[in-house]
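Listed below are the structures to be examined.
You will see chain A twice below: alongside chain B first, and alongside chain C after that.
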Partner chain A sequence: MLINILSGDKPRSVILTVLLLGILVALAFAPFLFPGVRSLETAARICIFIVLVASYDLLLGYGGIVSFAHTMFFGLGAYGVALASENMGRGWGSLAVGTVAGAVAAAVLALVIGLFSLRVRAIFFAMITLAVASAVAVLVSQLSGITGGEDGLNYSIPRELTPAFRLGEFLGVKINGKLLNYYLVFFASLALFLMLLRVVNSPFGRVLQAIRENDFRAEAIGYRVIYYRIAATCLSAAVAALAGSIFAIWLRYVGPDTTLSFEIMLDILLMVVIGGMGTMYGAVLGATIFVLAQNYLQNLMGAASEATTGLPLIPDLLNPDRWLLWLGVLFILSVYFFPTGIVGRLREGRRA
Partner chain B sequence: MSAAPDHTPTFAQISLSERIGKAAPLLLVPVMVALGFLAIGSPSSWLTLTVSGLAMGMMIFIMASGLTLVFGLMDVINFGHGAFISVGAFVGISVLLVLGSWTGAPSLALNVAAVMLAVIAAMIITGALGWAFERVIVRPVYGAHLKQILVTVGGLIVIEQMIHVIWGPDEIFLTRPETLKGAFTFAGAAIEKYRLLAVVFGLVLFVAMRLVFKRTKIGLIVRAGVQNGEMVQALGYRLRLVFIGVFIAGSALAGLGGVMWGLYQEVITAGMGEEMMILVFIVVIIGGLGSVEGAFIGALLVGLLQNYIAFLEPKLALVSNIALMTAVLMWRPQGMMPVVKAK
Partner chain C sequence: MTQTLLETDGLTVRFGGHVAVDHVSCAFHAGELTAIVGPNGAGKTTYFNLISGQIPATEGRVRLMGEDITRASVADRCRKGLGRAFQLTNLFPNLSVLENVRLVIQAHRNKGFSLFSMAASHTELTTEAMAVLERVKLDHLKDKNVSELSHGNQRKLEVAMLIALDPMVYMFDEPTAGMSADEAPVVLDLIAELKAERERTILLVEHKMDVIRTLADRIIVLHNGALAADGDPATVMASDVVQEAYMGKELTDV
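Now for the complex of A and B:
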């Protein structure tokens, strides 16, 4: 039963199993274990990023395709919900319409980009997605009449999902709409993640892996490489858009910085690489570690920077604004020395 | 023994359509200029826009040429190329700011000397940086596209952030040297001096590059290496050394492009390389990966189209490049002038 839920893809390492269970329990009971607005915010972010990173892993880790447009799809989902809520008014209907519209738009856009670039060379895809994603980001901030431009959009979601909707108290924690909203995020993310796990362990996922290892041979065996690559692109785009929709429902705000920026794209790349490409569970570990680090390490950097004020250059290097610098270094080092990521290392350890 | 069968090889005449097909990309630039003329209507605005489009195209070409060659020669795709553009701009502009008394003087000789010094400094620094980049970042991941993309993106971020650390987080504004300021009027159209200079400079550089490729031995090795690297190595040339040389030269050219772009925009930011990378990628893709001529034509097309569209319908300027790329890829999925690989 349990193995069926995991689609037969067991963690295959004791430490990994313990870590995953720990993360699952922590996220499932986050409002009770870690009361407070900030920790709930962090927990929701982790859930959403697990889905986003897992959908990217489908593309990068299983399909061997590098895309720089994943935030664009994420943003499409988020703006779908935002625009629907803005124009159709507050209600569950507009959330549903926005979510579906965002996912469909993402899949169609992915199909078009894939048809143009994957047909020839897989590396075209990396460049073209970079170009298209930056064009879309600029477009969104320019079309301020529709998208709110740089300021983004604030909108209201059904009352049942906001803190104003109170139900009472349980174990010293207020049960309100925010809590319900968190569980919506949690269960939607869990369902999407399990679905992705199902996909990568299906015959379809197997073929994708075969294409990643040797596309020429896969084609020779009789699989149409291009179909599989495009299908993976569309699926991953649609799931990213769904993650974006969940994010928009949780945050009640969308803006270019929170959904479309290149920085988020880098975050996703780093989470996949640190966690372990092509493992799905890597997405869970990568996203959890990264979001926690992002939330709490930046404060540490600020403190370190202040502590070293007298020295030349070092305070500048430790400035919290230079967070990206250290990410970049970490990124390069992990691609070199840690290509299988945490999950890969844990699994190797068991075999040895 | 019977005589060998009569065999006289015949060469089929190349049909007219095939000839046109080969030359078609070359015709695109004049076609684009003519279409621009029809769309804009006023000859003087058209002339101004054409000059600035060509200037922009030349600068993009200078930045793109290194990238496309590096790919053609060693199958290395360098997403960190944009970092060299930014570094070049910052080094060059810093030199110009230090030489403020030279650039402020209304003397052509002093101005040109200052710009030359800035360019040389920028090219040396970016060339050295390119060498280090190849050594540290690119070399360990030969033959693996996926890792190349990831690692070079990491390199781009690190270099960009180091610019922030060294030069501070703010953009730097500058003014062009005295004699390069302003515009002159030609046939009723205002033409900025600097843009015309950029066009001339770009053309000279392109011709020089072509001469190196077509007339010198090193050019021959590079061209042969792009077509069939293994054979070149089998003939006894150390292609790795050639490649490192091309990588350094390409990085230095990116730095040069950065200085020129900085002078053109009169403001530089650490993120400018990343922004230019988008255009550079579009140019390299529509030109055909590995093809210098293709990149040249692609760059001119992108520059011209962007300027025309920015005049006609400003909001569409960025999307127009994507549309151009889509159109070209629909016509020729490998790019306009794909490099024929002998494999």
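Now for the complex of A and C:
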């Protein structure tokens, strides 16, 4: 039963199992374990990025396809919800329409990009995605009449999902719409993640791995490689868009910086690599560690910087503004010590 | 007259000025094992590439069971019944031995686009793959990564993947090259078994004389890309063209 939910993909390492369970429990009970607005923000962000990173890993880790348009698909989902809520008015219908429209638009756009570029060469696909993603980002900031430009859009979502919707208290925690919204994020992310886990362990997932290993032979045994690559691209794009929709419902705001920026694209790449390519569980660890670092490394550094005032140079190095530098150092160290990502390292450890 | 399964008609490919395969017209029949011989660089592998579609033909046609497949993709040719094992081992190195064969059977059974079922639940694919592995005596290595296999076992797996395809046309390109004397018979016996089934046609590129003598019903000789001789083994081997050009060098008794 449990194995079935995990699609037969066991963590295959005690430490990994413990870590995954820990993350699952922490996210499932986040509102009760870590009360406070900021920690709930972080938990929701982790959920969403797990899905976003996992859907990227479907392409990169399983399909061996490099894309730079993943944030564009993420953004399509987010803007879908935002535009629908803005134009159709606050309501569940708007959320549904925006979500479906975003996912369909993402899949169609991925199909078009794939048809044009995957036929040629993998590197060409990477370049096209970069070009299209940049074009869309520019377009979104130019069309400020529709998209709100650089300022983005603020919109209302159903009252049941906002803090104004109060239900009382439980274990000292206020039960309100925000909490319901968090559980919407949590369960939607969990469902999407489990679906991706199923896909990579399906016959289709095996074909993707075969294509990554040796596309020449995959074709020679009868797989039309191009169709599989396109299908993976569309599926990955649609799931990224769904993650974007969830994010938009959670934030009640979209803007180029929160969904479309190239910086997020880099973050996704880092999360995939840190966690481990070609394993869905890598996405869980990568996203969790990265988002935590992003949110709390600055605090930690601020504290450390103050504690070391008086010493030469060190306070400067520990200045919160340098957090990206330290993240870079962390990244280099992790790639150096865990070339197969954390999950790869943990699984090897067991075999050794 | 036996059924023609594969036919090439004036098949030609030029690489720049170099004609690697030069107007080769030949028909291959059910139940027949044709040995293809010729010195290194004669164009044997390139002829295979044209038939299975890895290289597009400059001129000429390929017909599979009467259907023109000259413009078909590699995957489509395979699905129509053209199976090929490669001269240079060409596997999925970081997947298990079993998975390599399973992938072939999965392709054959058209299960590749099943997205939401668990691969492990398709036990019939695994059973079939195991049966093929037993035939090449690799079943005890099923969980090994392909990259950990010896050269000889990789060659066997290459053959296993072709057998798993269950094609109408089998194309073997020096299947026993680099195999040790005790490994080669497993593969050669298998080819003999396939031949005994008599429904398919087998194309075998081979240098070893004794292998050709025991297995071949027919020999074709390629020389500088062109068809230099075609006929039953005794006649072709006795012919002047073969005697003069190759007997001393390429067709060696091992």
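Remarks
Everything that follows uses one rule, which is that the second predicted complex is superposed on the first by the 312 of 352 C-alpha atoms of A that agree within 3 Å, B and C clash if a C-alpha of one lies under 4 Å from a C-alpha of the other, contacts with A are read in each partner's own complex, and residues count from 1 in each chain.
Here, contacts are C-beta pairs under 8 Å (C-beta built on N, C-alpha and C of every residue); 3 or more make two chains touch, one makes a residue touch a chain.
Model, not experiment: these values are computed from the prediction.
By the touch criterion defined above, A:130 lies against chain B but remains apart from chain C after alignment on the C-alpha atoms of chain A.
Applying the stated contact rule after C-alpha superposition, one finds that A:219 touches chain C and leaves chain B untouched.
In the superposition on chain A, A:339 makes contact with chain B only, not with chain C.
A count of residues in chain A touched by chain B and by chain C gives the higher number to B. With both structures placed on the common chain, the touch criterion links A:309 to neither chain B nor chain C. In the superposition on chain A, A:7 contacts chain C only, with no contact to chain B.
No residue of chain A lies in contact with both chain B in one complex and chain C in the other. Interface residues of chain A, counted against chain B in their complex, comprise 60, 64, 66, 116-117, 119-124, 126-128, 130-132, 134-135, 138-139, 142-143, 262, 266, 269, 273, 313, 316-317, 321-322, 324-325, 327-329, 331-332, 335-336, 339.
The touching residues of chain C, when paired with chain A in their complex, are 52, 54, 73-76, 78-79, 84, 86, 90-95, 99, 102-104, 106-108, 111-120, 122, 125, 161, 165. Of all residues in chain A, those touching chain C in their complex are 4, 7-8, 195, 198-199, 201-207, 209-210, 213-214, 216-225, 228, 231, 235. Listing the residues of chain B that touch chain A in their complex gives 77, 79, 137, 140-141, 145-147, 149-151, 153-158, 161-162, 164-165, 169, 274-275, 277-278, 281-282, 284-285, 289, 315, 318-319, 321-322, 325-326, 329-330, 333-334.
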